[in-house]
Amino acid sequence: MIDQIVQGVLLGGYYALVACGLSFMYGVMRIINLAHGSLAILAAFLVWYITEQLAVSPFIALLIVVPIMAALGWILQRTVLDRSLRSGPLTPLLSTFGIAIIIDNGLFERFGADTRSLAPNIGDLSYKSWTLPGGVTVGQLGLLTLGVAVVLIVGLQLFLKYAPLGRAIRATAEDPDTAELMGINSRSVYAAAAAIALGTVAIAGAFLGMRATFDPYSGGAQLIFAFEAVVIGGTGSLWGTLLGAIALGVAQNLGAQVNPKGFLIAGHLLFFCVLAVRVFAAGGFSLNWLKALWRSQPA
Amino acid sequence: MTDAVWVRRWSSVSIITIVGLAGIIAILAFGPLFLGSYWTSRLTTLFIYIILAVMWNALAGYAGLVSVGQQAFFGLGAYVVIRLSDAGMPVYPAIALAPVIIAVLALVLSPLALRLRGGEFAIGMWVFAELAHLLVNLDSLIQGETGRSLIALSAFAPDVRRANNYWFALGAMTIFLALVFVLLRSRMGASVQAIRDNEEAAASVGVRVMATKRTIFVLAAAGCAAAGALTLSTLITFQPKTFFSVQWTAYMIFMTLVGGLGTFEGPIIGAIVFFIVESLFGSSGVWYLIALGASALVFSLWIPRGIWGTITARSGIQLMPIGYRLLFRK
Amino acid sequence: MLTATGATKRFGNFIAVDRVDFAVSRNEAVGIVGPNGAGKTTLLNLLAGTYPLSAGSVSLDGLDVSRTDAAARCRMGIGRSHQVPRPFVDMTVFENVFVAASSGGSCTRAEGYKASIASLDLCGMLSNANRTAATLGLLDRKRLELARALATNPKVLLLDEIGAGLTDAEASELVTIILQLRATGITIVWIEHILHVLLQVIDRLVCMDSGVVIAQGKPEEALAHPAVIEAYLGSGVA
Amino acid sequence: MNVLSVEALDARHGLLKAVRGVSFAVSAGEILALVGANGAGKTTLLRTIAGAHKASSGKVIFDGTDISNVPANKRTRAGIALVPEGRRLFGEMTVEENLLVAGRTGRKGPWNYATVLDAFPMLQPLAQRKGNDLSGGQQQATAIGRALMTNPRLLLIDEVSLGLSPVAVNAVYESLQTVIASGATIVLVEQDLSRVLRISTRIVCLLEGRVVLEGRTSDVTKEQITEAYFGLRRPATLEVEA
């Protein structure tokens, strides 16, 4: 039981990583990016491809993939998202869903249906673990993932708080018209925010590849995990996302104890329970808490 | 003065359209007698596509609800048929009953689902579809991803089965088109279009927004369930992975966007376009799917009215008698 | 007949309407004026049920409707127009009005036709009945907004700046229509900036500033009230 | 030398004509007051000059350059700053952050975080307070300070004293004196006529989107302004459209 909880917490570290970019993008642009999961898989494939081709460590490959994904984010915002933001509330959903289909099938076309993993490329990191008193084992990779998630979230918060660009992003997210009047080019800020979001997606993709397997059609599942983590943890801070991600991971691991197939079911059920409580307790439901989430600072 | 004014709903164009449609359906009803086995089964597929497109359009185009999880109802519709058949019910009555059962399920789900907004609703429905998929896999009858065949169908000779499927699909398509048509023509139809144009303004003139959306949500669920049940009758084997695939929703989105979101005729045209594209390029594999995604992207950004919406905007023609015209005595 | 007691609306830390008591009696026409940000439109939204109250209550004909939503209040007899007209753009003018008649007016199809035609006629929109609402100009949109509110068969009609942005000639046409409405016994609450238009119609004027009512009474008296002049023109002018 | 000139400017909200053929000019060092009842088009006019609202026709010329098609953020960087109606502070950000975010891409000039705090002493103890948690007067001071951080040559202020207590209004105007002393040109919208008469050098009065009165403050009487303002009697300059 304790072991399952510990493993769930570690798994939550990955979910926090993948949820980070989704909530960031929603917070700034009010876009729920349905291609989010597919982009994470795209990043995983890029890391895998570079690792294989150049025979380097995935961590080195990640150094190349983060800027590539960030550039992709910039282009995506400038070409598609800017336009879809201006054409009604349904358009961003439809256009990002279209992008997801293109990415998924494009990956299938290029890389085929095989499942891949980066685990063979990171040596003993993929299985080495420490054993705590009481027989609980803590995987080094899991701990690293959780650590990276925490560092990323703290880093993003510090960036938003203290960096000039971070402040411009917050200002634009709150009121793009007024930000323009302060000399801020809101289109560029949006593009920068999309670049940052996809940079985090690249990291999430790499860690997905190291801790598990992936194939071209794994994107939908990643989107769902990310969304569930954000919804479950919606307590009003980026730490909420981390907590939500951990709750999701723990619920899944406990669910797996009940039934071998209970892993995913437990996560989905937790998601719906949290959603139902929120909808019926508040008498209404909106994503305002999400808006506040990434913007608020640690006390 | 007002005695000299009255309301007309039918125009000569719309009468011709409806008579024409009825005529086409009447001719199609004899399809299996002259079409041959290939076209009988191909047209069955087209009828199923039309149901899917019309239902997704009702949801997104009229109620403003973009769902990425309609495959939930599609898959559950098929699953219910397997279950009913296993319980001893004859196959075709089971196919007819499945949409009704799923409609009840959707009604139960609606209080939660309809309070979600925009992307929340879209992904929330997707999670629901995933959950439904996982729970169906737990059923020992289905044997996980292995799935189960609708064995009772083997009692029919292939030709008979093909013809039955055809008639059932044609019948279901006719019923759902008629339901949408009647809904749009009713006073609720005016409300539905008002919600589509401006939800808040609709509420301010007394439209029951929630109740109207619920009706559409339930109807769309029933339609997708019927399509799922019918697809099962053509494929025979129920494989959860196939039936709960998000691909079905991708098809629905493509058909609706290409044909024209928020019009009656658009999704029908979109389904026919999709059917033709699939017939021509379906065998070319993933490039075909990439092209579908790209078209969804292009239509949503640059041609948001779709084919039919663009045509009506240019020409002002109105085929279906769902509107109202005021006539004045000279 | 329509009463707000202690009506309050907060947006975050901002109090848009602060404990306002407001009442209008049957067949009365009340004008509301006040500077931008005075809370006039918010008060109208509280009366119509568009926003939930933060505190206080609203009642119609003695019935508490504080927790009734906008659509239901409309069906009970509160009709409204919006400051910026919100037509259903892809529907015809007649269909716009017919939705209102059949939903808000809760009537049969035949009654709905009749009510729609009558309100279009009254607002001078009958000849435009078959046009798509998207093609209408501003005056016609305002007329449609009014006709739609009328078709819901309201006991009380809440009007939000239907005169704004119109030329003189257009505004006086609107006044003629509203005077005709008054003659049919409809109660009117009208927010308007253009005073000379408003004064042709109303019995009583309510002046608001910073979320509270600062003066009310006969129009000339209310306008002469020092607090009103100060709110409009600033201290030292009076 | 005109800092700003506006030529036959039209602006719409959808189909509503909010600004109709407005022309006027502001020369360096002037304080121009825009007055008029609400709905007269003052806010739209200011926003159109700042680039936050699109003009449907006409020209905005700043420093001799036609900037009619320049986006708002570039106009700000060229030296036009707007204090918008309702202050529009970034409410989740502190006073310090509100100021710094505006100074990020600004021009060089006398204003920076330190000099703004000097000009608005009331803000000094509030630097770490969130915009949402300020009083109206504190918000207005922050909003003006934020605009100054861009080192504008032309400062547009919408509704200087709207919703402020008399004490707060005094404090804000006192600080404006510092701004005027720094040589900026100001266009302001103000409901308080007596203030306008004291502070401005010129007055433009709008009624229903048109200029109905324009002149040097010293040449205009209160009666003329009041009449033009309310539109109770129709000013002779206002032609009636067919």
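General remarks:
A, B, C and D are the chain letters, set down in written order, and residue numbers restart from 1 in every chain.
Throughout what follows, a residue touches a chain if its C-beta (ideal position, glycine included) is under 8 Å from a C-beta of that chain, and two chains touch if they have at least 3 such contacts.
The model shown is predicted, which means the values in this text are computed figures rather than measured ones.
On a Cα centroid basis, the chain most remote from subunit D in this structure is B.
One simple way to say how far apart two chains are is to compare their mean CA positions; for subunit B and subunit C this gives 41 Å. A separation of 33 Å divides the Cα centre of subunit A from that of subunit B. Averaged C-alpha coordinates give centres for subunit A and subunit D that are 43 Å from one another. One finds 55 Å separating the Cα centroids of subunit B and subunit D. The touch graph of these protein chains is a ring, one cycle where each chain has exactly two neighbours.
Applying the touch definition to every pair of chains gives A-B, A-D, B-C, C-D.
Across the complex, subunit B meets subunit A through its residues 60, 64, 66, 68, 112, 115-120, 122-124, 126-128, 130-131, 134-135, 137-138, 144, 246, 250, 253, 257, 261, 285-287, 289-290, 292-298, 300-301, 304. Across the complex, subunit C meets subunit B through its residues 48, 50, 69-72, 74-75, 79-80, 82, 86-92, 94-96, 98-100, 102-106, 109, 112-114, 117-118, 121, 126, 129-130, 148-149, 151-152. Against subunit A, in their complex, subunit D makes its touches with residues 50-52, 71-74, 76-77, 81-82, 84, 88, 90-93, 97-98, 100-102, 104-106, 146-147, 149-150.
Residue ranges on subunit B touching subunit C, taken from their complex, read 1-2, 5-7, 187, 190-191, 193-194, 196-198, 200-209, 262, 323-326.
Subunit A contributes residues 164, 167-168, 170-171, 174-175, 177-186, 292, 295-296 to its touches with subunit D in the complex.
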